[in-house]
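Beneath this line is the structure, given in structure tokens, with notes to follow.
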Amino acid sequence: MSILINKDTKVLVQGITGRDGSFHTGKMKDYGTNIVAGVSPGKGGQTVHDIPVFNTVEDAVKATGATVSIIFIPAPIAGDAILEAADGGIKLVICISEGVPTLDMVKATAYLKKKGVQLIGANCPGLITPGESMIGILPGNIFKKGNIGLMSRSGTLTYLMVSLLTQAGLGQSTCVGIGGDPVAGLYYEELLEMFQNDPETEAIVLIGEIGGDAEERAAQYIKNHVTKPVVAFIAGQTAPPGKRMGHAGAIISSGSGSAEEKIAAFESIGVPVARLPIDIPKLMKELLSK
Amino acid sequence: MKIHEFQAKEIFSRYSIPVTKETVCYTTDEVCTASERLGYPVVVKAQVHAGGRGKAGGVKLARTLDDAKNAANQILGMDIKGYTVEKVLVAQGVKFNKEFYVGMTIDRNTKSVLFMASKEGGVEIEEVAKDNPEAILKFPIDPELGMAPFLARKIAFQLFDDFSLVKQGADLFQKLYKIFLDTDSSLVEINPLVITDDGNLLALDGKMNFDDNALFRQKEIEALNEPTEDEKKEIQAKESGLTYIRLDGNIGCMVNGAGLAMASMDVIKHFGGQPANFLDIGGSSNPQKVIDAMNLLTSDKNVKVIMINIFGGITRCDDVAKGLVTALEQLKMDIPIVIRLSGTNAEEGLRIIASQNLPVVGSLSEAAQEAIRLVNAM
Amino acid sequence: MKIHEFQAKEIFSRYSIPVTKETVCYTTDEVCTASERLGYPVVVKAQVHAGGRGKAGGVKLARTLDDAKNAANQILGMDIKGYTVEKVLVAQGVKFNKEFYVGMTIDRNTKSVLFMASKEGGVEIEEVAKDNPEAILKFPIDPELGMAPFLARKIAFQLFDDFSLVKQGADLFQKLYKIFLDTDSSLVEINPLVITDDGNLLALDGKMNFDDNALFRQKEIEALNEPTEDEKKEIQAKESGLTYIRLDGNIGCMVNGAGLAMASMDVIKHFGGQPANFLDIGGSSNPQKVIDAMNLLTSDKNVKVIMINIFGGITRCDDVAKGLVTALEQLKMDIPIVIRLSGTNAEEGLRIIASQNLPVVGSLSEAAQEAIRLVNAM
Amino acid sequence: MSILINKDTKVLVQGITGRDGSFHTGKMKDYGTNIVAGVSPGKGGQTVHDIPVFNTVEDAVKATGATVSIIFIPAPIAGDAILEAADGGIKLVICISEGVPTLDMVKATAYLKKKGVQLIGANCPGLITPGESMIGILPGNIFKKGNIGLMSRSGTLTYLMVSLLTQAGLGQSTCVGIGGDPVAGLYYEELLEMFQNDPETEAIVLIGEIGGDAEERAAQYIKNHVTKPVVAFIAGQTAPPGKRMGHAGAIISSGSGSAEEKIAAFESIGVPVARLPIDIPKLMKELLSK
């Protein structure tokens, strides 16, 4: 098992004919992801990497039974693409696009909630169940099948962490990049619940960063509901207040959202927080050997 | 993106939210003329993109022409948190009874617009939030419902005792919500919202921030942008596909990915160094990006050493290494560089860099320590 | 409430939906001038609030000035389903390839705005609905989502083969939905929507009906109302709190409640009579309402007998009876009346009426039969 | 038992200080309905018929635990009142107001569905469980406790039918006036399901009228799901096409929605349709004696 996706997951690519969509479709297919369809309005009937392209999500879902969609669509219209996925019968939407207007995400998350559709992102690198399915822009080669569940607001930092884990012999059950935007889909709490319930996940790595209070809420959730070992890392200890550190959501506002607060929240409930990335596998091994 | 108080209040006015009578002025003469026309007392207020201008002496009451002249002379040209005051707002002084706070922002947890209101207006809301969080009422707005009349009234009943004020407030809250949506705001505040002596609500101050991601559809708002020199650099960097934020240290950082860039800064700090910037070059091996990034870093005279930290993901490290080599050949710079590569094809990448006699290190911790050593050795 | 084609297309135009070049004309001279200016061929179309004007000869193609003059002479003043044609629309003739139908209405079952589209445009959509219902595509619109771009595109893909038309269509559907919401429409139709020879979509005809309940907030729309004589009477009745619809029979009906009023007409018909109207006086015992209602009924020269059917609910029958007596005393009319009262305090009510020598009957069936007997006896 | 309401139902009156609201609150209270609160913005703290008035539904629900709300609010703002009820914690809303704009009802019904809140009306006379609770403007005295469930799009016609039933000794379990608007809350199908499941209801009277196809759909539902006896009546056999017969929803459009079609739909599945109101108790007794 794993969470959210496995080798049978049928995946649709929205924006498959675009530069990024086409490139990463190839990468996902190479990894073994079961890509069954693409959508690109006006390009219906074409193929990309031998994958059939449809004009609408509805057409694609009807023809292929896809249940998961990954979105490579320019940010100004990515919100509409998310709505189309949910309306078209998709059950899990992964939005890679960076720079989606916040109010579009407010509207989209409300609609998806009503429809019972899950969302990851926007502005995220996607997710992977190593050895089974990679839906995103993640470098599949650094992941290794195993029992660590990982969730992160950051992309390349995740890759660094994963490669350190893999080097240390700690494989992963599923790794989820939840994205760096202030309003996003699935977040720590939902994923913690999934990992807690996933028999294949033994321990959890949570990679946070400055901005908002999602890490504090995650700590609260862990305290009340998670019995598996958790190790955390918080990026942005040196970030100045009032500045967005790349991610739209990575900003310390009005003295809250700082790394210190987040680190304190985890440590106060006994979740060790690595000060250096290299400490993550070390801390994890310590916890697992207990 | 931020705008000034006077610009926010102009937008409020367009939606028929009552604001003080006021004029924006760029010179002491203009302040004097405006004050005479508005009638005393007037309030002279610095217009800068920084909070806490009251504490910094950027707001002054003037009861006479002399007062106004003095206020203008003192405030114009003043420095507030690094911003030079180039204009002031001269606003009619208003008698009022009570001060309220109303504001809207995006709430990450409910994934909605959050309407906030407090009877403790007129002070910095962050202080209220810290000292007496219950004094701030919070209402997440269901986007399907919006600021429905009943909801606006429900909020107003919690702020005001008099029903005439409840009705005025409810009307104002609905307009404020419409402004938020229409302009893709990320923050709208009226602090204080006051009850005037004749029993009407009036916005005495106004603040608006906007969602940078939505500026493409907010051309009117975008036109109000007045970036500082640092912000201009950030905007220029953005146009080259780089995310850059200048800091006060001396170790220049060039990293791919925002999270990794933050973590790299943190590691430098951890070992006692001072990062000079946040710089995310994104996911590409294009040498031009490296050249642009290097030019950005070297334009900051504080930068003594450059630490490059690349994690090869989809982009392979050997491609990145080739890009780096090409870029560095063209740049011919004399600032020492520490390069750290890892991830996909890292060994091949490191080999390419080493063959060019560029200094490479094995881990992020080592890179940071080496950079600090180089700075300290100067 | 209905408006004319030319008014609907003016609204479409305001939302940048492409419509034919056209002018509304009230005289043959105006038609000639307009035709000369627009260039031939032109189409001269009767502007009346009735469907099927094509079949009635109210639409004519004119290739010359003479044609236009003849068309104007024939159509102006023509009677279409009881409506006299007072104005015509002179529209530029357009070459086109295909005709589509698009429309929106309220769907009672999904409780939403229903968008309808068909490749079989240009004919009456009711006929398509009857003969080939699958040819009409139906999309209930979630009010939370509205006509989202993807949804408009999804619909357009089912109508058009060419992607340029899909994009035009999607844009047009979004505008049409906005019109529907902005104007509180109950029906918006473009039939036909055509593809012109140069490959663009164009609204050749337009139809809009509006929700009467929302006219209070649609003053601009309300100003376009052109009620017929019968409708004026209905509006006037409404202002007195009465709902009145004139029919062709000779038994005037006065009933409290719409359902009971319909049932009363049905019972008259069941026993072989012909109701002269639908009249609901609502739930009040106010004598003035009865007087207004009587005046309405007697202003219709066809009315030979009046049947009054009141069910006392919250309003007690004795109160209603008193109101009736007062009203009838003031009216002094010579048309025979049959009165039927039932419900709360019916016995007391009947006693009051009987004491005034007014004819009362025991049941609705008896009332209808008595009214018919009286008519037949004349 | 009964459907929707009983003697314990706690009722809130929105618009209680208005002329109609105050008058009918008195009538409902006289009937024995458990009216616990009123709402009238700006009149909080007053009382009407000894019932406490609140400024908002939320306040009233918090203070009294009301679960059902009846709305006497001018039509232009009645839609907002429905939303307030649903947002404020009410579970069943009865909207009496006549003339609510259709698009306001479209918005309200969508929101209530999301919130899981039931609605009756607008433009309806309300409902009654005889001897227990009357929430509406119905003349309580004509009803009699018994086992006939009744639903109707019309007001006074319902009263006539009920008085005929009562005179014939046929009491009622619950009678629901579903209202005469094109877009309304609970409709035949939902109510048929409730009556079918209500042990106290033995037989059902369905009073329909011209316009729409709700009666046809009800017939289909009866065929598939209802085992209890049903008798129907359809008003408007003489109504001309294209004219609204008083009720906003009572209009024969484009040759559909006529009484003939509706009568045929019921008779084709064996549901007798009374031609005269007086036939209703007669047909019902025949069915019950089988």
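As written, the chains take the letters A, B, C and D, and residue 1 is the first residue of each chain.
One rule holds in what follows: contacts are C-beta pairs under 8 Å (C-beta built on N, C-alpha and C of every residue); 3 or more make two chains touch, one makes a residue touch a chain.
Remember, predicted model here, so these are calculated numbers, not experimental data.
Trainee: Counting only C-alpha atoms to place each centre, which chain is farthest from chain D?
Mentor: B
Trainee: If you tally the C-beta contacts, which comes out ahead, B-D or A-B?
Mentor: A-B
Trainee: Using CA atom averages as chain centres, what separation in Å is found between chain B and chain C?
Mentor: That gives a centre separation of 56 Å.
Trainee: If you average the CA atoms of chain A and of chain B, how many Å lie between those two points?
Mentor: It comes to 27 Å between the two C-alpha centres.
Trainee: Taking each chain's centre as the mean position of its Cα atoms, how many Å separate chain A from chain D?
Mentor: A distance of 49 Å separates the two centres.
Trainee: Could you list the positions in chain B whose residues touch two or more of the other chains?
Mentor: Chain B, residues with two or more chain partners: 143-144.
Trainee: Taking each residue of chain D in turn, which ones touch at least two of the other chains?
Mentor: If we look for residues of chain D contacting two or more partner chains, we find 110, 114.
Trainee: Which part of chain C faces chain D closely enough to touch in the complex?
Mentor: Going through chain C, the ones touching chain D are 106, 108-109, 111-113, 125-126, 129-130, 142-144, 181, 184, 186, 211-214, 216-217, 243, 245, 247, 255-263, 265-270, 275, 278, 280, 283, 311-314, 342-344, 363-365.
Trainee: Under the definition above, what is the set of chain D residues touching chain B in their complex?
Mentor: Touching chain B: residues 41-42, 44, 55-59, 77, 80-81, 83-84, 87, 110-111, 114 of chain D.
Trainee: Show which residues of chain C lie in contact with chain A when the two form their complex.
Mentor: For chain C paired with chain A, touching residues are 144-145, 148-151, 153-154, 157, 163, 166-167.
Trainee: How about chain A: which of its residues touch chain B in the complex?
Mentor: Residues of chain A touching chain B: 24, 27, 75-76, 99-107, 109-110, 137-139, 141-142, 152-160, 163, 180, 182-183, 207, 209-210, 212-214, 217, 233, 235-240, 243-250, 254-255, 259, 275-278.
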